[in-house]
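In C-alpha cells below, several structures.
After this come two complexes, each holding chain A, first together with chain B and then together with chain C.
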Partner chain A sequence: MALRTPVRAETPAGGRTARRDRRPRPSAAGARIWTWLTLPGTVWMSVFFIASLLLVAAISFGTTDELGDPRFGTNLGNLKALADPAYRDVMVRSLGYALLTSVICLLIAYPVAYAVALHAGRFKNALIAAIVVPFFANYLVRMYGWSVLLADDGPVLRVLRAVGLAGAHTKILNTGFGVIAGLVYGFVVFMIIPLYAAMERMDTSLIEAGRDLYGGPLRTFLFVTVPATRQGAGAGVVLVFLPAMGDFVSAQFMGGPNQIMIGNLIQDKFFEGQNWPLGSALTMALMAVLLIAMFGYLRRARKDEAEATR
Partner chain B sequence: MNPTAPAPAPTPVTAPAPAPLRRRRRRGQRRKPVFAIAVTVVFFVLLYLPIAMVVLFSFNSQKSLTVFKGFSLRWYEAFFHDSVLLGSLGMSLEVSLVAMAGSVVLGVALALGLVRNKGRLGAYAGLIMMVPLITPEIVTGVASLLLFKGLGITLDSGTVMIAEVTFSISYVTVILRSRVAALNPEVEEAAMDLGATRWQALRLVTLPALLPAILASAVLIFALVFDDFVLAYFTTGVDPQPLAVRIYSAIRFGVEPTINAVGTLMLAGSITLIGLALAIPRLFGRRGGLDLISGE
Partner chain C sequence: MSDHLPQRSQLSRRSLLRAGGLGVLGLGLAGCGFSQPATASPAQTDKPIDVKVDGPLVYFNWADYIDPSVFAGFQKEYGVKIVQSNFDSMPGMVAKLDAGNKYDVIFPSAKYAQRLAQAGRLRAIDHTKLRNAELVFGSYPYFEDPWYDPKSAHTVPFTMYKTGIGWRRDKLGALTGSWQDLWDAQSSGTTFLLDDEDEVLGMAALKLGLDPNTSAQGDLDRITSLLHTLRPNLRGFSSDDYNNLLDGTATMTQAWSGDMVCVLNQAKDATLYGFEVAKEGSPINSDCFAIPADAEHPGTAMLFIDYLLRPENAIKTIQYLGYPMPVHGTESTYAGLVKQLPQCMIEPGDLKPSLYFRNPTAAGAQARDTAWTDVKAG
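What follows is the complex of A and B.
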C-alpha cells in the first residue's frame, strides 16, 4: 500500500542532502508532531466531554430560579431527594431490570455464540454478520417493531395462546417483563460478540477432553466451556448493563407509566419537569452506579488476568 | 452502546481450529448441540421479525398496523410529500456528514498521536477517550445540554453536530489505534531516510496505509450518527429536528404508518452502510472487516 505513492517524486532532489544532514534530530521533531496531532482531539474532549460532566456534577448542587433556569449553589437538597422513596424505588427497579437483562442476555448469548462459533462451519462469518447488522438498524424503529410484535393481540402472544403457553389475559407490553424484553432485544448483541470472540479463542480440545472424561454435554459446558469463556462473559455483562441502566426508550415503548426507569426520570426533569438540578443529581446517581459496576469489573478482570499469567 | 468498548481483543476470525483432533475421536461422532442450535434458530427469528413487521406494514394499503390489507406505496408517497419529515431528513444527513468529517479528522489525528506519544499527554488522551465509551448516552446528552445552556449557545443543528463529534471521536480512535500500532514505524523512517519530511512521510506513507480503516470508520460513524436518537434529542432545537427525534415523537404520540416507511428507508440505508463498512477492508485486500466491530 505504502509503495503506491512514491515519496521521491515529492521531494526536490536538491533538498535531500541538506535534510539528511539534519537526521540526528528527528526524534525531537517527531515528538513534536505527535503532540500536535494529539492536542486537538484532547482539547475537544476535555471541553465538550470532561468539562460538561463536571458541569453536571456542579449543577446537581444547584437550585432553580423563578424561571426554572438552573443556578449554581451549595444546595444538598437534590442529592437528599434521591433518597425519597419515589426516586429510590425507580433506581432499585432500574438496577433490577438492568441486572435481569444482563442475566437473560447471558442465557441467550451462550447457546447462540456456542452454536455459531463452534458448529456453524463455513457460515460462521455470515451468521455473525447477520447478528451484527440489525443492531445498526435504528434503535427506535427496532424497538417499535418489537412492541408491535409483543402487543396484546400481536403475533407472539397469539402463537403462545394457541399452544397454551399464555392465557387469554396474558400481557407482555406494559409489564416489567415487557421493559426487560425491550432491553434484551436492544442490547443482546453486546453479549454475543465478546462471547463469540472468547469461544473462537477457546481451545476446543478442552471440550473433547471433557467428553473423553465422561462429562455429559451439560457438565462439559458448565465446567469447561463456561470457565474458559468467563472473560468474554464478563465483558458482555458490562457492555449490556451500561446501556440498559441508562435506557429510557424501552420503558416508554414497552412498559408504560408504571415501569419507568432512572432514564425516564432524568428525561422528565429536563424536558417536562424543568428541574435541571434534580435531573443532574439523578444523572450523577446513575453515573455513580455505573462507575461502581465498572470498577468492580476491572478489578475482577485484572485479578483473572493475574491468575492466568501466573 | 458501543461494540468497541472494553471487550478483550478477539483473535482473527480465521483462527485455525484443531480439526485433526476432532477427526481422531474414537467413539461416536461429535454430537450437534441440539439445544444450542434450537435457541439460535429462535433467536434469529425473533431478531428479524420486528424488523420484518416494520418493512411489511410500510407497504400496507390500509392504515392498520395489525392487519395487512394489500400492497401499496402510499406511505412512501406520504413521506416524500411531508415537508417536515423531509426537512428532518436533510438535517440528519447534514449532521451526519459534518460529524463524520469532524470526528474522523480529530479521531485519526488522536489515534496517531496517542500511539506515538508516550508522554503524559498521551496517557491523559488515552484515558479521556475511553470515558465516552463507558458513559451511557443519556449522561452525555444531559452533560452536553448543560454545557450549551451554560455557554449560552442556542440549540440547533450546530449543537447536535458538536455533541455527535464528541460522541464519535472515541469510536474512530479505538478503531484506528490498533491499526496505527500494527504499522511498522520503520517504513516511515525509510521514507524519511529517502528525504521525506516527517509530515510528508505521514501524508504519503502512513495515511495511505490507514485508508481502509479510516474509510470504514467514517462509514460507521455516519451510520451511527444518522441513527442516533438520545444525543440528538438532548441537543437539538425545536425546528428542524433530526429524523430520529421525529420518529421518537411519532411513535410516542400516536403512530402514523408513514413512520414504517421512514423506518424501512432508514433500515435500508444503515444496512447498506454497514455492509460497506464491513466490505471496505476486504476491498483493499486486507482481513475481513468484522474485527472492526468485535473490538480489536
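What follows is the complex of A and C.
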C-alpha cells in the first residue's frame, strides 16, 4: 500500500498529454530543416530499396530470353508456377524453421540479457562487446567454418566420439538440427541486443516490488520482468524471424535435401536456374508472407503502446 | 521555393509518394540497362587484334585459377600490370559484363562461350597470331571446330574436365563403373550429388540412355522420378565435392575430375579415394579464353593467352589448378598428377559433343529448371 501511492501520484490520468503539451512547438523554419535532413535518407531508400523492390515486382511478370537474361513482360506464368506444391512445402518448412529459431533465440537471449543487464556490474560493456564482436565477421564465412568443424571426421565429432558422447554414425551436418542450430547461432545476437536494451531501461524497483509481494525469483521473472520487457522481445522476434525466414546460408552448409529453405530456391533461380522472373515471383511471395507476419506484430505493438499510454 | 515545402515536421504521405516516383524513375533507368545489353557490330568484333602491349591486363576469372608465379612472370616479361577480378558463377560473370564492366580476358565455360559469341559479345581471335596455338589445335583437332564456337573463331580452349563419381575405397570397396553406383545402399546417408542442375539432370538422363540436354517433358518426367528414388539415399546437394570427401562427410559423391586432384593433394592417405567415369557416359566440359568485344587492351590479352599456352606455363597452371589443358607437351605432367586416379585423364577422343552441356531454348531452360526444383525440393 505504501508503495503504491507515490507511483500513482506520478502518473495522474492525462499526465502524459499534459507533459507533451509543454514541449515547445517547432517553428516553421525549424520544421523545414528536419524535412531537408530526411532528404538523403529518402533518396537513398527510394533508389536502392523501393526502386529495386519495384524492379523485382516488375520482373516477376517478365520472361527470359535465349541468353537467360530477364525481359519485362505481362506474363502471369511465374505467379502460376508458385502453385507447384514444392514451393508451398518449402515455404511452410521455412516458416516453421524461422518460428522455431525465434523461440529458441528467446529462450537463450532472456537469461543472457538479464544477467548482463542486471548482474554484470562493471563488466557489462565488455560482455556486450564479447557478444557482438564475433558478429562482425561475415556470416557466410562463419557458417563455412562451422561446416568444417562439424563434419563427420571434423574435430567436434572426433572429440565427442573419443569421450563416448557420440556414436559412429552420429551426424550434425545435413540435419534439421544443424540448420536450426546454424540459424540460432547466426541471429541470436539480434534477440540479445533489444532484450538487453529493454532490461537496461526497466525500472528495477518493479522487481523489488514483485519480491516484496512474495513472488519467488521465477514468478517475479515470469510475471514482472517478462511483461515489462515484452516490447524488446517483440522487436527481437521480428529481427530474428525476418532474416531467418529468408536465409539460405544455414541450409546450404548445414542442411541436406530435406532441409532446403525458400532462400535456397530463390538463390537457385537467380544463379544456375537463370530464371530471374520466377526468382522474383518467389521473392514477392516470401515478402507477402513476411508482411502478413509483420502486420500482426505491428498491430500487437500498437495495442501495447496504447495500453502503456492509457 | 521554400513556400512549396510542406510546413510539417514529419513527412506526409504525399511526399513519400513523390519519393516513390523517384524510385520509378530509377526503375526505368535500370530497365534500359538490362533489356538492351551492349552488342557490338560484327565489324567491331571481327577487327583484327594488334598483338602488342596496349595497356594493363584486366583479368576476370574464378578465384585461384592460375599460379601467382605465372602472373608474376607475365608482368615481368612484358613490363605490364595485371588487374585481377573474380566472379563466383557464370551468370555472375555475364551480369558483370552486362553492367558495362570492361575486361580484357575472361574464362567462360563452353555453354557460356556459345551464348556470348552468338550475342556478338566476343572479339574474334586469329589463331595464326598466337605462337603457341599449334600446340592446342594441332594435337586436339576437336577444338578446330567445336560446337560452341564454329572454327574456335572467338575462343581458345583453356581447361577440360569430366564428371564422374568420387568415393572412399576403404568404406565402399570397388564400384561397378556405372551411375547405378550412386544408389549403392552402403553409402546411403553419405551420398552427395553436385548442387548443379545440368550435372544432376544430365547424370539421370545418361543413366536412362537419354540426351543429357533433353528438355522434352516426357524425358524430364522419367528423370525426376528416377532421381526421386535416389533422394532417400542422399545426404545433400553440394558442389564442395572434394571437401566433402576429405572431411569424411561423403563416402560417395558426384565429382568433377579436376577436383579429385585436390583430394589427392590434400589427403593424408590418397589411396583411400577412387574416381570413376560411368559406362553410360560421363559429361565432358571445357572452359576457354575469350576477349570481350569491349575490351580496352585486347593486344595485351592476346599476349597473355599466348603466354599461358607456353608448355612450361601450362604445366604450372595444371599443377596449380588440377585440371588438364589441351596443350601438347603437358599430357605426361597431368598423367603424373592423377597416376592414382587414371580415370581423371582426358583423351582427345573423350571430347564428344553429345556429352557437353548445351544451351536449351528459353522454354527448354524453364522446363529443366522446374524439373530441377522438383528434384531438389522433393
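The rule is short, and it goes like this: the second predicted complex is superposed on the first by the 240 of 310 C-alpha atoms of A that agree within 3 Å, B and C clash if a C-alpha of one lies under 4 Å from a C-alpha of the other, contacts with A are read in each partner's own complex, and residues count from 1 in each chain.
The rule is short, and it goes like this: a contact is a pair of C-beta atoms (placed from the backbone, for glycine too) under 8 Å apart; a residue touches a chain by one contact, two chains touch by 3 or more.
Computed from a prediction, not measured in an experiment: that's the story for all the values here.
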Superposed model, chain A: greater residue contact from chain B or chain C: B
Contacts of A:258 with chain B and chain C, given as first, second, both or neither: second
Chain B versus chain C as contact partner of A:51, first or second or both or neither: both
Contacts of A:134 with chain B and chain C, given as first, second, both or neither: first
Chain B versus chain C as contact partner of A:232, first or second or both or neither: first
Partner chain(s) touched by A:241 [first = chain B, second = chain C, both, neither]: neither
First (chain B), second (chain C), both or neither touched by A:68: second
Contacts of A:152 with chain B and chain C, given as first, second, both or neither: second
Touched partner set for A:97, first chain B, second chain C, both or neither: neither
First, second, both or neither for A:142, with chain B first and chain C second: first
Footprint overlap on chain A, where chain B in one structure and chain C in the other make contact: 26, 30-31, 34-35, 38, 42, 45-46, 50-51, 55, 70, 148, 151, 153-154, 270
Residues on chain A engaged by chain C in the complex (per definition of touch): 26, 28, 30-32, 34-35, 38, 42-43, 45-47, 50-51, 54-55, 58, 63-72, 81, 84, 86-87, 89-90, 148, 151-154, 169, 171, 173-174, 255-258, 260, 264-265, 268-275, 278
Chain B residues touching chain A - in the complex, by the definition given at the top: 1-3, 5-8, 10-11, 13, 15, 17-18, 21-22, 25, 31-33, 35-37, 39-40, 43-44, 46-54, 57, 65-66, 106-107, 109-110, 112-114, 116-117, 119, 121-122, 124-125, 128-129, 131-132, 134-140, 142-147, 149-150, 162-163, 165-166, 169-170, 173, 187, 189, 191-202, 204-205, 208-209, 211, 223-224, 227, 229, 234, 244, 247-248, 251-252, 255, 259, 263, 266-267, 270-271, 273-275, 278, 284, 288, 290, 293-295
In the complex with chain A, residue positions of chain C that touch it: 2, 5-9, 11, 16, 19-20, 22-24, 26-27, 30-31, 34-35, 37, 89, 91-92, 94, 98, 115, 119, 189-190, 196-198, 231, 234-237, 243, 247-249, 359, 361-362, 365-366, 369-370, 372-374, 376-378
Footprint of chain B on chain A - complex, ascending: 1-2, 4-5, 7-8, 10-11, 15-16, 19-20, 23, 26, 29-31, 33-42, 44-46, 48-53, 55-56, 59, 70, 108, 110-112, 114-116, 119, 124-125, 128-142, 144-146, 148-149, 151, 153-155, 185, 189-190, 193-194, 196-198, 200-201, 203-205, 208, 217, 231-232, 235-236, 238-239, 242-243, 245-249, 252-253, 263, 266-267, 270, 276, 279-280, 283, 286-287, 290, 294, 297
